[in-house]
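These notes open a run of structures that come right after.
The two complexes that follow have subunit A in common; it is paired with subunit B in the first and with subunit C in the second.
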Partner chain A sequence: MAKEGFGIKQIAVTAVTAGLCLPLALFAIILVPIPGLPAASGFWIPAGFYFVMTLWFGVWGALGGHIATTIAMGYFFGYTLHIWVDGGLGDFIAPLVALVIFKALKANPELKTQRDYVVWVVSVMIASLVCGLWVQTVHLLFGVITWPFWWIGVLTYFIGDTMAIVTVGTPLLKALTAYVKQSPMYIWK
Partner chain B sequence: MTVSFIKYSFDLQTEINMGLSYTAFYVYTFFALTLVTVALDFLGVKKIKKEIDDVVAKDQAYLYMFLFKVLAEVALVWLVIAFIGQVLMGWISL
Partner chain C sequence: MKRTYFLYVEENSPLYKLHPSLKIFLLLFFNIEALLLDSPYMLWGGIILTILLFKVAKIPLSRLGKFLAFAIIITQAIMFSYLLGSSIPGNIVYWHLPWGTYVTDVTLLHVFTMVGRFMLMLVGSTLVLSVLTDTDIIYGLVFLRVPYSIALTISLAFRFASIFLDDYLKVRDAMVLRGTSFDKGNIFQRARKYVNLAIPLMVMAIRRMLELTYVLEVKGTRLKGKRTFYREYKMKPYEKALAILLLATPALTLTMKMGLITFILPGVLAQ
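Showing the complex of A and B:
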């Protein structure tokens, strides 16, 4: 989605997003674990960062979040490949869903109007729900979780991700978008 | 010499901490300084907003440095809050 193609800036954005989100993902899983759901957290704080990076820089921010959560779930916690890939893909899809909604509704990431805030919160809620549905349905189909945990998982992702993203992402968008929009990588020009 | 130094350190520790372990004292000092640094940086940035805009206009690299620094600061603040939260909840101890 970036207009600049691929280069050092795109790598930097992806790497920094991944580097920031990796420790946050690790501690989110440790701090607010959901019993019975592998690699789940009730307050998914890294999403606050990679959602914002995705709104600013497009797919590169989402890719950073994907790399961070995949490594956090895989390398450090030793979950199976299925769980890394499933969770990591969910965290890749979710910010892109929010971005598509934001684009479709022509909202401004600077959150200047009440409508921008509404679009932001609604897009985050829908993206978190999509992420939860994706991750838990794949888990269910592969026999990683049982049916009652599907509901808990979807609800946990919906509430936990939404709360974290709105709490962290809103002030970041409000405070930093004015600077970020000077970047040639900013996708809203 | 080494033994007496260690003894002195432990005496000092007991005297200063008043029940707080040396590890806790060190970690909380580090946290306090981190939070003060972040707060001062935040206030400082507000004072030189125009200058930052000028530098960004001349050098795009600074924009990314500035952006990544702020994001890292927010992550740091969160990690400090999360750590203290765990201590208060009794999940970990120092």
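Showing the complex of A and C:
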């Protein structure tokens, strides 16, 4: 991974990812809400985008997802401080977990082999579970949900995020990685 | 009329004319104050006062109507969670549920409080966002000593959100004109159509990302070192007083919570 500080390119990646994911986060919450869990969605569409952005552009893609989630859920749904700690940080950690697994197992984001597909799906599942546990535990500690809804939250988060990321992210990786490779921000050179 | 993130507002609106850093203070104020307040009376009183502020700031109240769907989604989530999944002791038990939880008078107070807390944040944030422009974010955050790079990133994120919303509608319309029906088919078929929409949207995002990099480079944007700005905002005396009030009120609320019953959730005393 190229060792670059926070510069123009990183601002562009972060801002565009955040701008892209912000309206998608709102759509996801409105289209597939989960009873009992505020600002949650059963099909977290933006995750598919910021996971892919993180695999292509590194930590700045994850930061964009973090900003989008924080703004979308925070400013439009209240709970700003809580949501920053909760969904915002959770959505920052999750794609980074997937990136670390992808890097450690030396998989190819172009998904050229069956092994690449397996690594992609497993990394998404692990990342979604880590994020689900984080988010619902913070919800519980802030008193927004009650204990019986904790495991429902973790389960729906795990299923909803995994489904959305695999459904949206797989065609994006498959179709666009070759195109994105030409950009100077791509981290797998 | 002046364009903000959300709508066109009158140029002489007192909130629009406010110092940019005060608008950000006000946004934080609504969210922090709502978190600190426990009393449903205070929360709902705050909501009524904020709605009155819409009138003072000359912002159409119809703006709030657009958030009705969001409000309903959050309210149902809070109600489900508390009514079906909590066991909060109280004076009167209304229902015992088969899975061991129950609903008391204090449970209802908790629901009323949580909904009030959320509504105060929503109404307050909407009020501030109605008068906030992209330059306000940069000037406001820089005034508060936040690094320029972070201020620029947040401002661009807001700007790109509205651009991508337009992009989404364009791509969707183009697909509809070519015969795609987003309403037909089962949930998986519909999801697949939306996935097809994601690819052109992502291509547009990558292009915009590259364009943004070139534009910022060509404009000679420097992220380090001292910057000069096109506009200079100075705080007027009444704005300084308002800033002190906005900073002091949360501290005052915390102090009041220790001594005054009206600031506390009433049911807590009954336990």
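Assume the second predicted complex is superposed on the first by the 183 of 189 C-alpha atoms of A that agree within 3 Å, B and C clash if a C-alpha of one lies under 4 Å from a C-alpha of the other, contacts with A are read in each partner's own complex, and residues count from 1 in each chain.
Convention: a residue touches a chain if its C-beta (ideal position, glycine included) is under 8 Å from a C-beta of that chain, and two chains touch if they have at least 3 such contacts.
Computed from a predicted structure; not experimentally measured.
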Superposed partners subunit B and subunit C on subunit A - clash or fit: clash
Contacts of A:K9 with subunit B and subunit C, given as first, second, both or neither: both
Partner chain(s) touched by A:A68 [first = subunit B, second = subunit C, both, neither]: second
Contacts of A:T146 with subunit B and subunit C, given as first, second, both or neither: second
Touching partner for A:W188 - first (subunit B), second (subunit C), both, neither: neither
Which superposed partner A:F49 touches (first subunit B, second subunit C, both, neither): both
Winner by number of subunit A residues touched, once subunit B and subunit C are compared: C
Touching partner for A:A18 - first (subunit B), second (subunit C), both, neither: second
Which superposed partner A:Y179 touches (first subunit B, second subunit C, both, neither): both
Intersection of the subunit A residues that touch subunit B with those that touch subunit C: 9, 12-13, 16, 20, 23, 45, 49, 168, 172, 175-176, 179-180, 183-184
Subunit B residues within the subunit A interface of the complex: 52-53, 56-57, 60, 63-64, 66-68, 70-72, 74-75, 78-79, 82, 85-86
Contact footprint of subunit B on subunit A as seen in their complex: 9, 12-13, 16, 20, 23-24, 27, 31, 45, 49, 168, 172, 175-176, 179-180, 182-184
Contact set on subunit A toward subunit C in their complex: 6-9, 11-20, 22-23, 29-30, 33-40, 43, 45, 48-49, 52, 64, 67-68, 71, 74-82, 144-149, 167-168, 171-172, 175-176, 179-180, 183-185
Touch list for subunit C against partner subunit A, complex: 27-28, 31-32, 34-35, 67, 69-70, 73-74, 76-78, 80-82, 84-86, 99, 101, 114, 117-122, 125, 129, 149, 152-154, 156-161, 163-165, 168, 191, 194-196, 198-199, 201-203, 205-206, 208-210, 212-213, 216-217, 221, 223
